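The next part holds the structures, each set out as structure tokens.
Shared between the two complexes below is subunit A, which has subunit B as its partner in the first and subunit C in the second.
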Partner chain A sequence: MIEPTLACIALLLGLTCAAALVAQSQLGRSIVYGGSLVAASASLLIALFSLAAAPSTVTLPIGLPWTGAHFRLDPLSAFFLVVVGLGSIGASLYALGYGRHEQDPQRVLPFYPAFLAGLNLVVIADDAFSFLFAWELMSLASWALVMSHHREPGNAHAGCVYIIMASFSGLALLLCFGLLAGSTGSYAFTAMRAVHPSPGIATLALVLALIGAGSKAGVVPLHAWLPLAHPAAPSHVSALMSGVMTKVAVYGFVRIAFDLLGAPAWWWGTLVLAVGGITAVLGVLYALMEHDLKRLLAYHTVENIGIIFIGLGLALAFGANQLPAAAALGLTAALFHVLNHAVFKSLLFFGTGAVLVATGERDMDRLGGLIHRMPKTAFAFLVGCVAISALPPLNGFVSEWLTFQAILLHPDLPQWGLKIAIPADGALLALSAALAAACFVKAFGITFLGRPRTRVAADAREVDRFSLAAMFGFAALCLFAGIFPGVVIDLLAPVTQALTGTHIPTQLGVEWLSIVPIESARSSYNGLLIFLFITVSASLTVLAIHRFASRALRRAPAWDCGFPDPRPDTQYTGASFAQPIRRVYGAVVFRTRETVTMPPPGDTGPARIEKHITDPVWDVFYQPVASAVSHLSLVLNVMQFLTIRRYLGFVFATLVILLLALALWQ
Partner chain B sequence: MAVIQGLLVQGVQMALVLMLAPLLTGLVRKVKARLQRRQGPSVLQPFRDLKRLLGKEVVLAENASWLFRAAPYVIFAVTWVAAALVPTFATGLLFSWSGDLIAITALLGSARFAQALAAMDIGTSFGGIGASREVMIASLAEPAMLMIVLSVALIAGSTQLSTIAEYMAFSAVGLRVSLALGLVAFIVVALAENARIPVDNPATHLELTMVHEAMVLEYSSRHLAMIELAASLKLLLYVSVIACIFFPFGFAGGYAVALAAYLFKLGVAAVLLGVFEVSIAKMRVFRVPNFLGAALMLSLLGVLLLFVSGGM
Partner chain C sequence: MTHGFAFDVAHMLAGSLVLVSIAMLYQDRLYALINVLALHALVLAAAVGWQAYIQQAPHLYITAGIALGFKAIVIPMALRRMVFRLGIHREIETVVSIGLTMLAGIALVALSMMVMLPVTAHADPVAREDIALALSVVLIGLLMMVTRRNAVSQVAGFLSLENGVNLAATGAQGMPLVVEISVAFSILIAFIVIGIFLFRIRERFDTVDLQALDAFRGERQ
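And now, the complex of A and B:
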């Protein structure tokens, strides 16, 4: 079944070439996004049908000489193709409407199908060369899209940081595959699977994979580029970068850690759990400090990546202890969250894009009251907010619930590292879930509720039908995966079967469509019944009260304790909403300081409050590295202007040193 | 036959929590009044308040959206569903498997989410202050609650509240350090989540100290009635969860005995809460994180102990 997938990718690459010709015309947008929509839908259908099918492979005579390009469609690839397909369908549909407002379509249209092609190619690549080629295609195409509005302040910087981090991630993965292939091995994944590297090499490869795939996915401290690059791109591309590209990075990690590396060591689990827990909490704290909607969402992606890595870490830890059923549960939770996050993060970025189209603003402190002007967008965005805050009955809750079930499963693991790391991650997960709810009360409350803070917010208009269709489609998916989680879990069964050797019990046979991940005496959850109970009891209450009590209603000015102030500036802003949380957590994490300057009596000057937030990651990691690099390049600058004789001398010396090293090694 | 009986018990449970919730609130108020040497209103006063509010006309702020009008019903329905899943006088309720203790915690989170959004809908600064403080308190209370759930689930080997209650009631659990830590943390969380002294004051209308009351400031009549009823239900829910996990006696002897035991437990809880509230002062809002942080740490310690040794 892999040939049709490759045909879809070829269609996307063809669209790239076509787009370069028609980008300027009116028709270009419809051709590119419509064509992408068709290709993505076809790819999604194929992927859905090949989830449970046997792996199929194909070798194309392109790429490295004597090697060829290997492609393989197995359950893991198929699942991630589903994620990529869903995200691409949504983004293409959305862009049919949203793209109308694009200033420079020729900067966006050619790169968009290329980006989609890259995303698809990564997950079906079956040798290191094709994988890295596709990975770089994905990075470069998305970089071009980030730079499409390069004249806007900050975007050039974002592009610069992004390209550096993308190269870094590619480098780490290159080294990782080099280690896996060994000195004699082949770059095909089949060969890597057959060779079992020594524990030291395997560990080094795992760390490199965590760095390489993790920096693309956005694990702390390698997340710094996400909040810069994701917002800079057009909104449908932001949705793809945040919702889908980070998942493709997760795919890279899963492929290496669960498939290519062989049996895990227990402390890999500890490492991934530690990274995941810290990423989850720091990500959401960063998000809470933001008042730019797109940056908030990008930071929040970091949190969700943390949750996914917690699930993966649990799977590695259980796998190392020969507990395949528990490992399957951890992996199921992580992959379920991959799907969930792709859906609701895309939805939220679409909503932000709609707000951007309607008002030209991304800063929530200049918005407000949009629920009156854009009721449909507001409703879809609200569904996304509830889903991402892990609240029942929507889908975000199910994957976090499964993660908690995995955490509770085996308190009796023998290793002390895991005995500490697993409950600590439970606490971090709980903390991040609660903070996520706070974050999205803020995001929705400041942007859509209250009174409009500016003229543009007061004059906003509802967006076009394509954008609304994409948002409502994804909102429906959030509800569907929340009330029928068994369907998704059963779709994941072949994937966990392939990677851990087993899968959690089939859910669709369980009565009342409950989900029972282990056994019914231990835990069960029924999203459908909870949803029905809430809906029915709320509607019955409304009916009963309106029928038997009172239905009278009168509009009046707001009460506000008797002192209503008509100015919208008196409302809470994003910064003031986050202030209590900033005081509780920020002093430790961000070293926040607030200085209040009161004018002396008699002075008519305004009182000022200033807040200073320092990002520990920039200070501890990036600044030292950046200054070291710049220092080093200053020192090495003298080597730029040497004669050809000297350069040849360097080459010769290097050769001699390498040969000496090889001779000593043997 | 079993299904009909199950449905009946579930229905009785749903009606029972709805009837008992205002009564519990009234009882707490009565106890507090007597301790302050006041006569205090009758324990039935919350019912009268509800009746009065339900009959009145809603005065709605001019720029209120549909969310503001829908939120009270959502909050009430979600809390009611959560309360219906907690074993009060019977374990193994017909629908208790549709949501475990984690789901109940998360359902209360959904209610809070709706409440905080509704508070921000009118665009007054009181709404903002209430919502932002509420989410700050929740950001500590909810993880603490989940940690308590985890430690109880580790002991009972299940997150199902019915199974936990049966395990606690019918097997030799013994005295455990983790359960003691969990109980202390649970009480702190319950005080915070129900907006009781020392975290918040349900009787205050002094603007700068309120949290919960600031959020519902713009509500009137039937909307307010729904919110008040949901708040009472939430108090009842927390008391019931504490009762069925930490004091699980009475389930063995049939429904009548279990109901009597449950009513007895509610009465004791009301008296203890009343005594506690009159003997302590409200905290400044930025002292609350220390108070709740202690609960979070205690509950985390309980979970860690259980991971270290299953017998702790």
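And now, the complex of A and C:
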């Protein structure tokens, strides 16, 4: 079944070439995005059918000579192809409408299908060379898309940071595969599975995989590029980068850690859990401080990657202790969250893109009251907000609930390290879920509720039908996966079966469409029931309010129509909403300082409040590295202006030293 | 016996190439250097021709022919003309120090023996000796390029380096002819380009001493 997938990828690559020719014309947009939509739909269908099928492989005579390019479609690849396919369909459909507002289509259209092709190729690659090639294709194409509006302030900086981080992740993965290839020197994944590296090598490979895949996924402290690059790209590309590309990075980690490395050590789980917990909490704290919608969403991607890595860490910890059922539960939770996050984060980026098209603004403190002007976008965005805040009955709740179910299994583990680390991670997860809810109350409330803060917000208009179709399609998916989670869990069964040796109980036979991850005496959840309950009780509440409160007689001051102060500036802003949380956590984590300057008596100037936030990650990790690199290049600058003979001399000396080393080594 | 004889001759020819390389290090006048370069190519042609005979590989005769025709006759004559037209035939180069350079050359031969002989322990003995000696020819060529200042003698170092590569390639059996020919052509083209550049440099700066060029490089302005 892999050949049709390759055909889809070939179609996407063909579209890239075609796009270079037709990008300028009016028809170009429809051809590229329509073609991408067709290819992505076909790829999604194939992937859905091959989820439960036996792995199929193919070797193409391209790539490295004597090696060829190996491709393989197994359940794990198929699942991630589903995620990529869903995201691509949504983004292509959305872009059919959104792309109309693109000023330089020739900078976006050729790279878009190439980016999709790269995403698809990574998950089916079956040797290190093809994998890294596809990985770099994905990075470079997305970099070109980030740089498409390179003249806007900040975008060139974002592109620079992004390409550095992308090369860094490629380098780490290259070294990781080098270690895994071992002495046989074969880069095919089948050969790597057969080699069992020594514990030291395996640990080093895991750490490199965590760094390489993690920096692409956005694990703290390697997340610095996400909040820069995501806002710089066009919105449908932001959605793909945030919703899909980070998931492909997760795929890279899963493939290496669960498939290629062999039996895990128990404390790998601790490492991944620690990284996941810190990423989740720091990501959401960053997000709370933001008032740029796209940057806020980018930081939330960091948080959700943390949640996914917590699930993966649980699976590693349980797997190392021969508790396959619990490992399968952790892995199911993580992969379910991968799917969920791809759906709702794309939806939220589409919503942000719609707001951007309607108003030209991403800063929520310059928006407000959009629910009156753009009710449909507001509704879809609200569904996304509820889903990402992990509120029932939507899908985000199910995957986080499953993660908690896996966390609650920790007393079965023998190691005290894990017994302490896992509940601590549970606490971090709970904290991040609560803060995420607060953050999306802010994001939705400040942007869509209240009164418009600027003229552009007051004049906003609802977006086109394609964009709305994409948003509502994803909103429906959120609801579907939330009230029928058993369907998704059963689809994931072959994946966990392949990676952990077992899967959690089949859910579709359970009565009333409940899900029972372990056993019914322990825990169960019924999304449909909760959905019905919420619908009924909310309707009754609305009825009651309209019946009894709206018509009730109230007394108010004359002539102010219910608004004591009519200026929109007096509403809550993003910063003022986040202020309590900033005071509680920010003082420690971000060293926030607030200074209030009151004008002296008699001065008519305004009072000012200034806040200073320092990013600990930049200070602790990036600044030292940057200054070390700059120092080193200053030192090496001497080498810049030598004579030709000296350069030849260096070549000669290096050769002789290496030969000497070789002679003495033997 | 025949194998032993074949081996001895191949060994002798390759060894002579190293000897000529070391002799080249000693030359401090350009005409003498060019003569030794011609001798170098002649010995190479003989070595390759012998390889063609003992390997019964007729295409190696073409390689030997190229070495004889181009490297032993055409290129030295062209270099000689160049030196004459540039008017530097009387020039005595300032070399690092001939005694030191030759000691370094001997050390390089020892080094390449130490590296190559254990590595190729299981290889065919003819190829094994050839490769070890060829590596020393390459290293001495590089040493020549590093220690000389004059552009013409750097060209000579480069050509002797290429001769070493050629020796190694013919010693290993099964080198395709097309590779040989393309290498020969690339050398020829490199030679032409270097020749043109030499005249251009001379036109511009009145010297072919590379030391003088450094002062004119764009970075130093």
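Observations on the model:
Note that in this section the second predicted complex is superposed on the first by the 613 of 666 C-alpha atoms of A that agree within 3 Å, B and C clash if a C-alpha of one lies under 4 Å from a C-alpha of the other, contacts with A are read in each partner's own complex, and residues count from 1 in each chain.
Just so it is clear, contacts are C-beta pairs under 8 Å (C-beta built on N, C-alpha and C of every residue); 3 or more make two chains touch, one makes a residue touch a chain.
Since this is a predicted model, take the numbers as computed values, not measurements.
When the two structures are aligned on the shared chain, A:332 is found in touch with neither subunit B nor subunit C. Judged by the number of subunit A residues each one touches, B leads among subunit B and subunit C.
For subunit A in complex with subunit B, the touching residues are 368-369, 371-372, 375, 382, 386, 389-392, 397, 401, 404-405, 407-408, 411-412, 419-420, 422-424, 426-427, 430-431, 433-435, 437-438, 440-442, 444-446, 449-451, 512, 514, 520-526, 529-530, 533-535, 537-538, 541-542, 545, 549-550, 552-561, 564-565, 568, 570-572, 576-581, 583-584. Residues of subunit C touching subunit A in their complex: 108, 111-112, 114-115, 118-119, 139, 142-143, 145-146, 149, 210-211, 213-214, 217, 219-220.
Taken in their complex, subunit B has these residues touching subunit A: 54-63, 65-67, 73-74, 76-78, 80-81, 84, 95, 97-100, 102-103, 106-107, 109-110, 112-113, 116-117, 120-129, 131-133, 135-136, 138-143, 146-147, 150, 153-154, 157-160, 163, 207, 217-218, 221-222, 226, 285-286, 289, 296, 300, 303-304, 306-308, 310.
The touching residues of subunit A, when paired with subunit C in their complex, are 640-641, 643-645, 648-649, 651-652, 655-656, 659-660, 662-663, 666.
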